[in-house]
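Both complexes shown next keep subunit A, but they swap its partner, so subunit B is in the first and subunit C is in the second.
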Partner chain A sequence: MAQWIEACGAGDVDEEDVIRFDHGGRVYAIYRSPEDRYFATDGLCTHEQISLADGLVMDDIIECPKHNGRFNYQTGEAKGAPVCVNLRTYPVKVEDGAVFIEV
Partner chain B sequence: MSQHYVIVGAGECGARAAMALREQGFAGDVTLVGGESHLPYERPPLSKEGMLAELFAAKTIATAERLAEAGIAFRGGLAVAGIDREGKRLEGADGRVIGYDKLLLATGAAPRRLPGVEGERIVYLRTIEDALRLREALGAGRHLAVIGGGFIGLELAASARLRGAEVTLIEALPRLLSRGVPEAMARQIEARHLAGGVKLVFGDGIAGIASGAESAVVTLASGRRIEADLVLVGIGAVPNVTLAEGAGLAIENGIAVDRHLATGDPDIFAAGDCCSFPLEIYGGRRVRLESWRNAQDQGNLAARNMLGAGEAISSVPWFWSDQYELTLQIAGLSGEGTTVVRRELEDGASILFHLAADGRLVAASGLGVGNAVARDIRLAEMLIGKRARPDVAALGDAGVKLKGLLAAA
Partner chain C sequence: MAQTAKRDYNLLGPSSEAAIASGLAAAEWYHTEVDRKQMKALMQRSDGPAIRDTVIWLGSMLVLAAGGIYFWGSWWAVPFFLGYGVLYGSASDSRWHECGHGTAFKTRWMNNVVYQIACFMIMRNPVTWRWSHARHHTDTVIVGRDPEIAVMRPPDLFRVILNFFGILDAGCAMLDMVRNAAGVVTPEEKSFIPEMEHAKVIRVARIWLAIYLATLALSLWMGSILPLMLIGLPRLYGAWHHVLTGLLQHGGLADNVTDHRLNSRSVLMNPVSRFIYWNMNYHVEHHMFPMIPYHALPQLHELIKHDLPTPNKSIIDGYREMVPAFLRQLRNEDYFLKRELPATAKPYREELHSGVAAE
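After this line comes the complex of A and B, so read on.
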């Protein structure tokens, strides 16, 4: 059953940046967009399971640190080789300065 | 009549180009010709996780289903003997003929051979079969001799040590990675290999190798003899140009292409490890790159330009290597720099920035555990691409975000 989990403090993620969040044996990535909105996706690249939190956020794109696979982190869409499988995305809400994701 | 675009070489570059033709909306026929019978597969893991994984399985770049879905005809195991440019057709070694309207040569590179040295116990690493042979021979209690302290030799030395084999690495020059890796960083890598138990021999040439039934014996110029179960030769690669040369195309450290990846024949392009090209960000210097990213980028670009896009090569050279827990990433060409600035990151990771005399950033080399340097190297790559002249003090200060420097560039 879906549940809301506190992932991090809102201030833990720099603007236009990403951090890793581990929960229940899964890895998530939490993003803060340049417009100060928060997003969450699976945290491992669908190409070679590399942690996306070591990657670079530019506009609405997260780029994998290993082979530069790109995803739109707001929709999870893979943006071309070497990745072809989309990321799952998760609903996010911010309450009392904390970021929650629905997993 | 439908156009037929043919790609010779089904490695990273060729496979990417074939897919990119479809992504760009090309509706004609696409044939991808591979010399190996395997479906296109990723080569970087062959010297790294492919050696260490419990079960060896090459990572396919494009499955048969995916190729079929994209309408790409894959012809594996086909050796191309010649190109009839006049008749615009390829001649297969088996007598088969394939006509083309446009042709991409993505023939890659082959390991440089040690002249006059042959034998069962002497191996080179390029294919799945090579990797499987190496894996079998790399268990505990075995001894691997590696000739050459470049990326392939070092990655395999690390993999072999992690699998419990003894390793002796012989490098003719006084240090490892003398081509393209700054000395300070190469020394760090050397220290890691020594700590990992690799025996390193510098400054000694190979006088001969005898490959026997029980073992191989490497005799060095100094007279020293090293006995091993297997000898891996990793002394660089040579571009596969025979086909292009036979067709009368210009060769200059690889198939010579212009900034659009076009050869002198308007219907023939070349891309990836097999070609040399002018790199505008370094004043048009002609280079040939053997790297996974270059193969990817040029495969994409070749496809666009075969379709008439007329785009110039703009990507910055980028390399990576994994050894033990360390990852090395390099953007740009460090040899172009005159000033070096060091940025210390957390957990012992660091980046060396190379700047030209005019202050332009020309290279960044990073070494650290896992992906510690990846983000900064990626940003440095973009700074290099923008021909930025970043502030030296800011580059050396890990507290200053490179993203900020990029925004200001």
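After this line comes the complex of A and C, so read on.
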């Protein structure tokens, strides 16, 4: 059953950046967009399971650190080779300075 | 323990199976620790440096081509074609590479346009090589896994020398193009190109074949090789610089290790070579952090050099080190150059590299 999990403090993610959050044997990536909104996806690249938290956030794109594969982190959509499979995205809410994701 | 089995570079052979079984394939690689803020600053993309360099690159080619055409038939054409050839047959290698990573320009379509142009010049199918290069970064110099090992062991030095003139390389590329244009994708290619991309491989090969046939037809019609001197042949007479610099990337160093400090070489170079090569002389740095655009690699080098082997001082210095290693590998293919780390560096994780040993 879906549940809301506290992933991090809102200030833990820099603007236009991403951090890694591990929970229940899974890896998630938490993003803060340039417009100061928060998003969450699976944290490992669908190409070769590299942590996306070492990647680069540009506008609505996360670029993977291993082969520069790109995803739209707001929709999870793969944006070209070498990534072909979309990322799963998760609902996010910010309450009392903490970021929660629904997993 | 020294490696005893003969190396088998076939991507579908026993070395490939062994690398997968031992965990060498798709392994976790060593990375120097860098503060996230500094890394983010270095990763930032910008269009400026690549636009400037591309205008210089393609603009110079236009000027040199115009001079070559104007003086065609006299010896004065020679220096123009020498310059044009290097920009066509060598600078295209680094442009292909950097734009393939998508890091040269900030704007995506600019990366793609330069990628397509450079791939055509260097005769590398843009789809095939995007995937083969991804594998090269996953399994750098892992025998049976990396499709881009320039010098295999024992080294085939005759082949290496011929490739300074693109002779085998370009010939193989042409055969691959004709084969792909005929609709054939080999099992080796299929081992790293996903099925949904095969149609694209074939489409590009057909477009290229049409361009080459048109150039050939124009040459025959004019009764002159001038059109081929501008399209196609520079991949031969201008290849030498990309081979000169490319061999240094991994030549003579360890294979089957998961630490780029062991299997890659950084070389300090003159500014002209660095322009042609787009800073890929910082090769350890590039492999460790492929997110860093070429123009920020010198800064990355300064940031992490405490953790890397000392770079070679020049191209000549690199060759002084590499050529004797190639010659020794002719007699003993297990021989390799073991990199020395500075005292400030984190040590190699030797336990990961027990399958290889320096002599």
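A few comments on the model shown:
In this text, the second predicted complex is superposed on the first by the 103 of 103 C-alpha atoms of A that agree within 3 Å, B and C clash if a C-alpha of one lies under 4 Å from a C-alpha of the other, contacts with A are read in each partner's own complex, and residues count from 1 in each chain.
Note that in this section a contact is a pair of C-beta atoms (placed from the backbone, for glycine too) under 8 Å apart; a residue touches a chain by one contact, two chains touch by 3 or more.
No experiment lies behind these values; they were computed from the predicted model shown.
In the superposition on chain A, A:A81 contacts both subunit B and subunit C.
By the document's definition of touching, of the two partners only subunit B reaches A:S51; subunit C does not.
In the superposition on chain A, contact is made by A:P65 with both subunit B and subunit C.
In the superposition on chain A, the residues of subunit A contacted by subunit B and by subunit C overlap at 54-56, 63, 65-68, 81-82.
Across the complex, subunit C is touched by residues 14, 17, 47-48, 54-56, 58, 63, 65-68, 70, 81-82, 84 of subunit A.
Within the complex, the subunit B residues that touch subunit A are 16, 19-20, 23, 61, 292-293, 296, 300, 320, 370-372, 374-375, 378-379, 403. Residues 26, 36-37, 39-40, 43-45, 101-103, 106, 127, 130-131, 134, 137-138, 194, 196-197, 289-291 of subunit C touch subunit A in their complex. Chain contact summary for the complex, subunit A toward subunit B: residues 16, 50-51, 54-56, 63, 65-68, 80-82.
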